[in-house]
Structures are given as structure tokens and as C-alpha cells.
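Structure in C-alpha cells, see below.
Labels A, B and C are assigned to the chains in the order they are written; within every chain, residues are numbered from 1.
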Amino acid sequence: MNRLVKEKVFLISITVLSLLAILPLFHILFSVTVNGLPVLVKGGFGFLTGTLASPGDGLGGIGVAIVGTFVLVFLSSLIGLPIAVVAGIYAAEYPNSAIGRLTKTLLQIMLEFPTILVGLFVMQIIVVPMGNYSALAGALALAIVMMPYVAVSTEEAMKEIPFTYREAAFSLGLTRFKVVFRVLMGMARKGVLTGILIGMAKVAGETAPLLFSAGGASRVYFMGIDKPIGAIPLLIYNLVQQPYKNYHQIAWGAAFVLMLIFLAIFIPIRLKIKEVKI
Amino acid sequence: MRARKSKDRGAKKIETAIETAIETAIETAIETINLNVYYNSNHVIKSVSLQIPENVVFAIMGPSGCGKSTLLRAFNRLIELQENARVEGDIKLYGRSVFEMNPIEVRRQIGTVFQQVNPFPHLSIYENVAMGLKLNKLVKSKDELNRTVEWALKKAALWDEVKDRLNDFASNLSGGQQQRLCIARALALKPEVLLMDEPTANLDPIATEKIEDLIYELKKEYTIIIVTHSPSQAARVADFVAFLYLGKLIEVGPVEKIFENPAENLTEKYLTGRIG
Amino acid sequence: MRDAFSGTFRDTFKVSILPFSALIFGIFLLMLLVYFANSIQIFQKEGIEIYTTNKWIASEDPEKEFYGVLAAIYGSIYSSVIAVVIALPLSISFAVFVIDYAPSKLKEWFIIATDIMAGLPTIIYGIWGAFVLVPFLKDFVMYPIYNHLSFIPFFSFEPLSGYSFLSAGVLLGIMVTPFASSIIREAYRMIPFKYREAVFSIGATRYEATKILLSYIKPAIVAGVILAFGRAIGETVAVSLVVGNTFNIHPSLFAPGYTISSLIANQFGNAFIYEYMVSALFAAGLSLFFVGLAVNLLGMYILRRRVHE
């Protein structure tokens, strides 16, 4: 009897706790939609293209931040992807060497590294010498955040290739360069691409690394890579802390847009593959 | 014979000439000299010395785990992909030590077909054959590439089955077709020697028969070294057989000799199924 | 003997791709260097007191400046501990539920939901936390408890704004649950079938079986908790929007506070007008750097040791 009661309590509590674990997601999706969608509808197309409204003066637009996010993701990919992919290859090709193992460990550490520390670092080495916030600094900070995702997934994708294909490629009298970059990379391309997209989705939503690097902009779309630039997460962060009601509405609208961008990248990838490393 | 020699010096001269002619005609394609292979401290190939004549099918047989595949991979230095492998002794390809050659060059001259049927799954049938040619820059024009791919597929007796679907993924072919594609891939580089590591181990009997027929065809132009764990396959396809047991070369000779009159007790035991 | 791969006497492949790995090491080491170099100034001025005092005196006059980040360290640890305490039962339950009990049709969707949660931009947690979670917790959790149980130190602070250690901890707990759960889930799924069979063959109920099986993957649970703690302690913007950003060392869950990362996020923008504040914040960052490093290494070590067993 006692045993059966325990069993019931156990099953019920485990179900309840599990639902509780994912309940916030639905509440977040719901809240962001309920608060953000009307802003987007009311603001219309201008909300996506316009510049920031003045306090208490309507919705304006978040076009500057949207442009900024795309520019930053593009620039950071340009900086980070080549380094990350090749470093991932290194870790996969030399798994037993000291440097290979160390690279892998370092990448895993960087994967979990507080991103605010990256922002602070970039400020000190780029922003301070240059004298101002810049798209370049923001992109570098995001690149540093992005690299471990891409490198680790590259490494994993390369390691999943059965040894026999490696042998086959070498048996064709190819140099290791060609074996790795022309044959094996082709085979691993799905995994590598997934890592790249996840990395990009991740940095598109990052705020902390940009706080002291990108600087933010809300009225001029793009001033050059050596000048400050906006980003959607950065805009939301700043607006939430303002006392103005219309700024809070804009923040919800921006959050809705950011959520859509994230889900649009993430869900297709996630449905295509089984496991995603976040 | 001695009497004849002393009789006629002229005849002896002719005889020597014939002998030399025979010697050069049956050239040694691959020769191993006191070859040893270790994985870490594990001694897997023990002082193997072998001579493999040109344009024959040479079978290496033995129970699984006897080191056949390792020996085969030593011939074109593919064994060196294993970080913990160490090779001692020498291997000569037409008299030239492979260790003095660029391994890239060795592997171009000694092609390989694997036990695990492994055409590149992300490439088309055409690309699988063309890849080695393109990446090694062995062809000068698109036209030459097309011709060489066609030639290789014909050599591998696959052309008629795939000529209308060259852009299909290789993974859409049957197992036997995939293996012939792998043979075409190796042949495209115009190697002198073809290594085959249990090429039919994962194939059904009909596909196996096709591959074996193909091997018979190919030996006119290539030296084929085939690893097999099946004595009956060795008997069907090979001209010469080497029997390897626990990393040691037990016996080597013409196929009739080995199967009908083995010199070693161990060979006989293996052939009659008492070991292996 | 020439190299097996390149045919040259050196491994040219290795030599050519090594710089890319080296670059990542370089960035990491440069980062460490920058943190040390910039912290030196405040260490020379205050010594260890930067970490052991709770004072924040920003002054135009460098003589009067004094910085102690103890409150932020306290807040980081406090909120992350709350997060882990919340995440632990949720993530274990979720792992067990998804593997053993969820209807097979829904299984994949449950996992997708947690994957989305793990990847969702943290600023979205932040805005939801600030505008939805904090008011909810304040009205339906903090005040009811405070009104009845304020004599207990944990509940002793009147939750005037709702911004508090508890709000930060709950939000962080929600954020790290999917992450901890995925580690535990992986380990739980990997338990060899023979153990499951064995457990049920001795007549265990599902509850008893789960308990036994969970004890089998204890290291993964520990690692999951440690890594989740590491993630929580490093989180910045979501926390900074709900923790209150006040220098405060108070036992109450309902009191506002600071965390190291929110301190940096809040103060660094105007730190350059002071002589020592930049250095003080770098020193705070350095402590986060090492906590992050230690926690992640430890978590990875426990996980890896499991793998090798």
C-alpha cells in the first residue's frame, strides 16, 4: 500500500515538475507575442525600418538595430568562421597531440565563458585605443563568442566521418590538405553548417559582449565599421531600463522581432537534426 | 646440362639470353624485405619477405586478425595513417623503396579497394571517379576528364549500368555496383598495382562473382594483391597465394602448389578448416 | 622517414593549420593578460580588500576612491545557488520524464522545447523577467510570504520593488534548467539496458527503479549542477534587469543586490571618469574569470571521467 502511494506521488510529481520546467518557455513566447505583436502591427512596416522614437513620442522604428544586428552577425562571421573551422579541424585531426587536446579543452571552456568578460576585453584592446565604440569591436566580441560553437561542431562533424573514407581519400594519392579540405569537409558539411548557423543565431541574440564594444546606435543606420553600431538585443536592454512607456512597448516589439529571427534560424535546423549543442 | 654447356658455348649464350629475357618478362612488382609492423609494442607483422610478380593475382590469405590487412596497407604506406603504427624493413615497388618515394606518389601507383564498400556518399557516381583525377591535376581538360572517367568505369565493368545516371549519388547504387565504383575510382589514377582488402566480404554471392570476374580481367594489365579470409576465393582468383598466420608468413607459392601440396602442416590445417 | 601525409620532412599540414588554433589560444591568453594587467592598479591600492569589503566610493578625488566588490560576489553566488536549487529537481524530473514516461509522440517535442529554451536570446528572458516575472513573484510569492514569515531571516526584507536575489535566482533557474537537464538526460539515456532490466527484475517499483538508476548517474548530475552554476554565475543582462543593482549583503531572498556581471554591465560605461574604477571592475571580472574557469574545468573533468570509465 505504502509502496503504491509512493509510486503515485512519484509519477505525479515528476510529470508536474517536468511541465513546470518547460512552462516558462510557453509563457515567454506568449508574453512576447501578446506584448510585441500589437506593437509590430501598430507600428507597421515603419517599425522594422524606422529610427527610434523620442521618449513619449510613439513607436518609431527599430530599423537601425535590425541593420546593426545583421551587419554585426555578418562581420563577426567573417572574422570568426575561418578561424573556428580550421581550429576545429585541428582538434579533430590531432586528437591525441597535446595541442589538439588542449585546443578541445579550451574550446569547451570558451563555450561556457561569461560573455560579459569578452565585451570588457574587447573594449580594452579595441575601443580604448581607437577612442570610440565601433562595429568592428562589436563584431570581434561576437566572433570570440561564436568561435567555440563553430569549432566544436566542426570537430564533432569531422570526427563522425568513418575512418574508411579517410583511408579511401588518402589511397587516391591526395595530400592531407586535399583529403581534409576537399573530401572530408565535403562529407562533414552538414554538421559544420549546422554549427555555423547555431553560432550565428547565438550571437544574433547576444547582448553582454556588445555592451562595451558596439556602443549602440538608434538614429543612423550605418556609419562605417569604425563607428558605433546598434543591435536589437542591445536596444532592448537599453529601452527596458528607461522609464518611458513607449520605450517599453518598443522593447517588446523588438523582442518579438528578435524572437522571430531566432526561431526562424533555430527551428528548421533543430527539426533537421537530432541533437543540438547549445 | 653440364655436358651440353661444355659442348657448345654458342648455345649457352643463347640460353643465358633466354633466361634474362624470362627474368625481365616476369618482373617483380612488389618486394618486401624483412618487413615488420608494430602497433605500439604489439608486433603484428613479423619479418615478412615476399616477392610479388607483375601482372598476377596474388592472394594473401589467413584467419582474421593474422595481419593481412595490415600487411596490405604497408605496401602503399596507408598504414602510416595509424598514428601508433611503426614499420621496419623495406618495401620495393619495381625495385624502388617506397620509403624513399613521396607517399602521395606511392599511393597513386598502388591503388586500394577496401573491405568496407566506401564510395564517397556525398558525391555523384561521376564525381567519385573524377575526384582523384581532378584533385591530383592529372587531366588537362574537361574532355580528357570525361574520357578518363568513362574509361575507368568501363574497366570496372560498370559503365553500361551507370552511363545514364552519372549524376546520381553513389549511395543509390547496389553494394556490388558501389564496390565496382570503388575499383573504377582506383583505376582512374592508372595505378600499376591494385590492392584489394577483402573486396567481396560485404557482398552477396552474385556481386562477388562479378567482382571476381573483373579481377580476372584486370590482371592482364595490373598486378592485383587481394586479401581474403576465404581459401576458396583465393583458389578461384589467385595465381599465387601467401598464407599468413599470426603475423608470420607461413608459406608462399603458386596457387596449385599451395592447395594441392602444401609444404607446411599449418597451411594444410588452415585449408582443411582446422584453424581460422 | 618522410611524413606519412605530406611527403615532406615536416608535417606541413599541421604547420599550416596550427596558427588558427594558436590564434584562439592567443585570444584567450591575451584576455587573461588584459584582466591581470588592468587589475594590478587596484590590487596595489587596496590589496585583497577589493574582494573582501562592501564599499563603493566613486569620487572625483582619487584619494577618496575605494572599491570593494564583496556584495557583487555575494550576490553572484547567492543568485546562482538559488538557480541551481530550482534547476536541480526540475532538470532531473525532466530528464527522467522524457526518457521513461513521456508519450513517445511528444518526447521529441519536449526536447525541442528545452533546446529552444537553452538557445533563446538571454535578453528575451531579461525583458520577460523584468516585466512579467518580477511583478508576479512580488505580488504572489514575496509579499504573501513576507506578510506571514518575515521573522525568518530569509524572508525578512520587504520586497518593495520585487527586484531581488530571488527574482534573479528564479530567472536563472529557468534559464539553466534545460542545460542541466540535457547533461543529465544524456547520461540517463546511456544507462545500459541490462541495468534497467536488473533493477526491474528484482521487483522494484518505478519510483524505486528511478532512484537506483539516478544513483548510477550521480556524477553526471553533479557535473550538470556545476556547469549550470557556471552558466548562471556568468549570465549578465537577464540578471541585471531583475536583481536590483544595489550594493547589498543581506540574507533575505527578497532583498535587491548586485552580481559581478551586472556590476560590470552597470558601472563600466562611466568608469573611465574615475581613476581606479576601471581597474576595480577588471578585478571583479578577474574573479568571475577564475570562478568560470574552475567551475567549467571541474564539471568537464567529472563528465569526462565518467566517459572513460
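In the analysis below, a contact is a pair of C-beta atoms (placed from the backbone, for glycine too) under 8 Å apart; a residue touches a chain by one contact, two chains touch by 3 or more.
Here the structure is a predicted model, which means the values were calculated and not measured.
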{"item": "Central chain of the complex, centres being mean CA coordinates", "value": "A"}
{"item": "Farthest-lying chain, centroid of Cα atoms versus that of chain A", "value": "B"}
{"item": "Distance from chain C to chain A - Cα centre to Cα centre, in angstrom", "value": "18"}
{"item": "Whole-Å gap separating chain B and chain C, where each centre is the average of the chain's CA atoms", "value": "58"}
{"item": "Chain A-chain B separation of Cα centroids, rounded to whole Å", "value": "51"}
{"item": "Touching two or more other chains - residues of chain C", "value": "5-7"}
{"item": "Multi-partner residues of chain B (at least 2 other chains)", "value": "81, 104-105"}
{"item": "For chain A, residues contacting two or more additional chains", "value": "170, 175"}
{"item": "Chain A - residues contacting chain C, complex", "value": "3-4, 6-7, 10-11, 13-15, 17-18, 20-22, 24-25, 27-28, 31-32, 35, 82-84, 86-87, 89-91, 93-94, 99, 102-103, 105-110, 112-118, 120-121, 123-125, 144, 147, 151, 170, 175-177, 179-180, 198, 201-202, 204-208, 211-212, 233, 236-237, 240-241, 248, 251-252, 255, 258-259, 262-263, 266-267, 270-271, 276, 278"}
{"item": "Contacting residues of chain B [partner chain A, same complex]", "value": "76, 78, 81, 83, 104-109, 111-112, 114, 116, 118, 120-123, 131-132, 135-136, 182, 185-186, 189"}
{"item": "Of all residues in chain A, those that touch chain B in their complex", "value": "96, 162, 164-175, 178, 182-183, 186-187, 189"}
{"item": "Sites on chain C touched by chain A in the complex", "value": "5-7, 13-14, 16-18, 20-21, 23-25, 27-28, 30-31, 34-35, 38, 89-91, 93-94, 96-98, 101-102, 110, 112-128, 130-132, 174, 177-179, 181-182, 205-207, 210, 227, 230-231, 233-237, 241, 261, 264-265, 268-269, 281-282, 285, 288-289, 292-293, 296-297, 300"}
